[in-house]
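For reference, the structure is listed below as structure tokens.
Letters A, B, C and D name the chains as they come in the text, with residue numbers starting at 1 for each one.
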Amino acid sequence: MDFDINKIREDFPILKQNLYSGQLVYFDNGATTQKPNSVINIINEYYSKYNSNIHRGVHYLSEKMTQAYETARKTVKTFINANSDTEIIFTSGTTESINLVAFSFGEIFINEGDEILISEMEHHSNIVPWQMLCERKKAKLKVIKLNHFGELLLGELDELLTDKTKLVAITHVSNTLGTINPIKDIIKKAHAKGAYVLIDGAQGIQHQKVDVKDLDCDFYAFSGHKIYGPTGIGILYGKEELLNKMPPYKGGGDMIKSVTIEKTVYNELPFKFEAGTSNFVGAVGLDHAIRYVQNIGIDKIAEYESDLATYATDAISRIEGVKIFGQSPNKSSIISFNIENIHHFDAGMVLDKMNIAVRTGTHCTEPIMKFFGIDGTIRASLSFYNTKQEVDKLVEGIKKVKELFG
Amino acid sequence: MDFDINKIREDFPILKQNLYSGQLVYFDNGATTQKPNSVINIINEYYSKYNSNIHRGVHYLSEKMTQAYETARKTVKTFINANSDTEIIFTSGTTESINLVAFSFGEIFINEGDEILISEMEHHSNIVPWQMLCERKKAKLKVIKLNHFGELLLGELDELLTDKTKLVAITHVSNTLGTINPIKDIIKKAHAKGAYVLIDGAQGIQHQKVDVKDLDCDFYAFSGHKIYGPTGIGILYGKEELLNKMPPYKGGGDMIKSVTIEKTVYNELPFKFEAGTSNFVGAVGLDHAIRYVQNIGIDKIAEYESDLATYATDAISRIEGVKIFGQSPNKSSIISFNIENIHHFDAGMVLDKMNIAVRTGTHCTEPIMKFFGIDGTIRASLSFYNTKQEVDKLVEGIKKVKELFG
Amino acid sequence: MTINEIQDQIIEEFSIFDDWLDKYNYIIELAEDVPVIEEEHKTDVNLISGCQSKVWLNAELVDGKIHFKADSNAIITKGIIALLLRVFNNREPKELIDFDLYFIDKIGLEQNLSPTRANGLLSMVKQIKLYAIAYNSKLNN
Amino acid sequence: MTINEIQDQIIEEFSIFDDWLDKYNYIIELAEDVPVIEEEHKTDVNLISGCQSKVWLNAELVDGKIHFKADSNAIITKGIIALLLRVFNNREPKELIDFDLYFIDKIGLEQNLSPTRANGLLSMVKQIKLYAIAYNSKLNN
């Protein structure tokens, strides 16, 4: 299939939206992505024709909905090349996936004095759950530091990894700096020391091929809404052997085999971790979002986005007074920057009025801000439906901002 | 407004669906409810026009989406008459709401030797979280028993409530027996003993007026998908004073005020309990579901459903060999029954082929099954869009089942 | 007859039904043909528990062939068991290791063997295969 | 002038803009009018923290009137502060206890005072009211 940007843009109704004085330029893809018609329509269709609770139903609709839900699981399994369906847990998003591991893995694997290793570039969702776990279990949180290009100081990894390190929780791609971490190496080193590894894939999965078998990660977490799917659905991939050892996270319907007041027997994987009514329509939406990505081809997407990011980085960095944060050669299509003497919030407000949606602030990564000694950035995060013309509008916008506040 | 059943049915596209040999008769409303066009359309509209991540955005779409999300919170607040928006927490459903309380309330209020009181008619989602908590905290789980009408033996409440009882967790309406519990009395008695009360409102909220201020409950939990809203969204109401004392449940974005690796300051209510990207489109869907219910009027709904349930109970119980489980005078529109010498699963399969969707099995309430010495029932759960003609079809279906297996 | 010949025969038999209730009626009749497991063999070991219906399955190797006995507390499930055993019963282990079970789909009962339908039938088919493998290696030792 | 007279005046002034950037340009100019809080008063006590921009507000009662000084690290926020202080500054406490703030909506800046926009402005308006209440009860004692 050819990568036809005009045809692709046709698939996303919101991109035709007019804001104040012209067409939306949506560069806030790191926060959430837009949905293709195939996703919007399937949600509509399932609510209109097949909506029914899953798993325990004897009737037609329930059967149909259950099949769609389990098909979604298979789609995810194939997409990330997991060994089996049972390794794919539906959650409400990356944050819940990480909290699930922090609780359930934590309950059984983390004891007083153990260490958990994260990095200075983590999203709060991959910091706070570990802080909470460390507090509960009297364990220690350790940190891989950054350099000024926004890369991890992996030279220090050998020292940071000790016999007490039980888990390394690291982001695949930094949502603020765009840095793509060499996770395969990190996983190998951690495993050599006997530590397990969780990858926060919130910004990884939608931009490049992820093969959990090849990576050999123990957990991989991501959100549906960041890969063109609906809100309220996410994935935790976990190795079956580990998931089997972990106690359940939430209790309720569907995660049990039998219940008496005295004793409850938990269900097998993946249901053990899916308590209560799942977001089954959300799962179907995610299924179709992934199919959409597969249809284009994740490698084609990566190539196009990389090209666009290079173009944007080049254009933005030519503007005088602009400083880009995150300059690793291994970068995703996320560009964080500030304009000299102009508050990021002021810039964002003016860009907004020029119909350009960027994010401003700390992007839920305060430790990165502290490292760079700033209190926020302007972040343009690009997706495969964005264009160079849109980048040009952003450049124009930045110039206008400079003029206004100059 | 007049209750015009034909007009109402027009609002639900799925009700026109043809299955094997005729129009769907959907009597599985206890499992999940169908969605009116207003809900389906608003989801479509938000994904097509306004989709954007909430709370931290400086741009138009983000502002728009945030407002819609916070408006949804206000709608819920008004609907259940809470004191303030800050008492309305968005969760993924009843099960998560209860687990949140089990964890966060549990962390601070439950100590070794304390007691939690539930009932024999609880859904697994209101049993297992408490079992898990009791195991973690070495607390004790106690149970209010049933009588053969499917009512709670509240005479024993005075003995069951002790100085050690910290929480009573009880369902508003039994999803299997239909019993409407006298929760206002139970709450009063529990409070008199110094115990807090959580009400599982999964089957309560959609069928009758719920006023949390009048009830004076400490927590009230329900699911969006059971009140004509989308999947993946639910509510926890909690008294502000209590929620303020409770530590957060999940860690991540949006629930923090500031994060350093060393120390995290949590955000205020309700955000403290909403870690990560919320199901914001789901919240908007729930908003419109509640508006739909408000437009008809919850009292009108209750009246119509009560009438329909009486008709159905009467008709079903006239069939020879049918035994109804749950015969409280205070009943919701849920009718559980078995047919003599016929397995509920066989009956369900045949009814399905007659286009009638009922649920069969334990309905996630195994302790009720144990109490009645059965391993399942056939459950018809009725909603305001069902009709007497549909009930007649069910009666016909049951007769056919008897014929086939007779 | 081979496994496939019997499957084809069943498909042929079912081709006359164009009404679901007639089909179920026939399946209900078939339920009486199941070589019923003795009460004392209805033990937990032989129980294949679905969430919705229970299935018991017992196997014995007699003269190099596997004799199955089974039962279910739901009649339609039991009727389908009758069909399955008509195909699988009294065969040599090696015949049961690698087969293509297609008749269920063809007669429109695929829902009953879907992994999401918790009636125990899919597990029963898996169990039959496991017995076959076990007995086969026993015979070859 | 009364609070409302000033509000009407501002609405009048803004009515000439039909372009957002012109409007912002004007607000940016206004930012220079803010009675700026002294650096030593930019303490945590005076900080109203929004997630996106910071706002400092200091109040003093002089001759029965409240003198406000303020600042922000974002210019547009500061410009809006200038407008707010034009309305609220140097008034008797009782004037500031119960007022209807309508000009922000009318000039199209309502987003900046929405509870969901974390720029500190809404908190600042609340803070102004709190100061007024406190000083008022002080005056009446």
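Note that in this section a contact is a pair of C-beta atoms (placed from the backbone, for glycine too) under 8 Å apart; a residue touches a chain by one contact, two chains touch by 3 or more.
If you're wondering where the values come from, they're calculated on a predicted model, not measured in any experiment.
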Between B-D and B-C, the pair with more C-beta contacts: B-C
Centroid comparison with chain A (C-alpha atoms), farthest chain: C
Inter-chain centre distance, chain C versus chain D - centres from mean C-alpha coordinates, in Å: 79
Chain A and chain B, separation of their C-alpha mean positions in angstrom: 31
Euclidean distance of C-alpha centroids - chain B vs chain C, Å: 39
Between chain B and chain D, centroid-to-centroid distance (C-alpha), Å: 45
Numbers and ranges of chain B residues touching at least 2 other chains: 20, 56, 58, 345, 349, 360-361
Numbers and ranges of chain C residues touching at least 2 other chains: 51-52
Interface residues, chain D side, partner chain B - complex: 51-52, 111, 114-118
In the complex, chain B residues that touch chain D: 54-56, 58, 63, 66-67, 70
Touching residues on chain A, where the partner in the complex is chain D: 20-21, 342-343, 345-346, 349-350, 353-354, 360-362, 375-376, 400, 404-405
Chain B - residues contacting chain A, complex: 13-14, 17, 19-20, 24, 26, 28, 31-32, 34-35, 39-40, 43-44, 47-53, 56-62, 92-96, 98-99, 102, 118, 120, 123-125, 127-132, 141, 143, 223, 225, 230-233, 248, 250-256, 258-261, 264, 275-282, 345, 348-349, 351-352, 355-361, 364, 366-367, 370
Residue numbers on chain C that touch chain B, as the complex places them: 20-21, 24-25, 28, 51-53, 73-77, 119
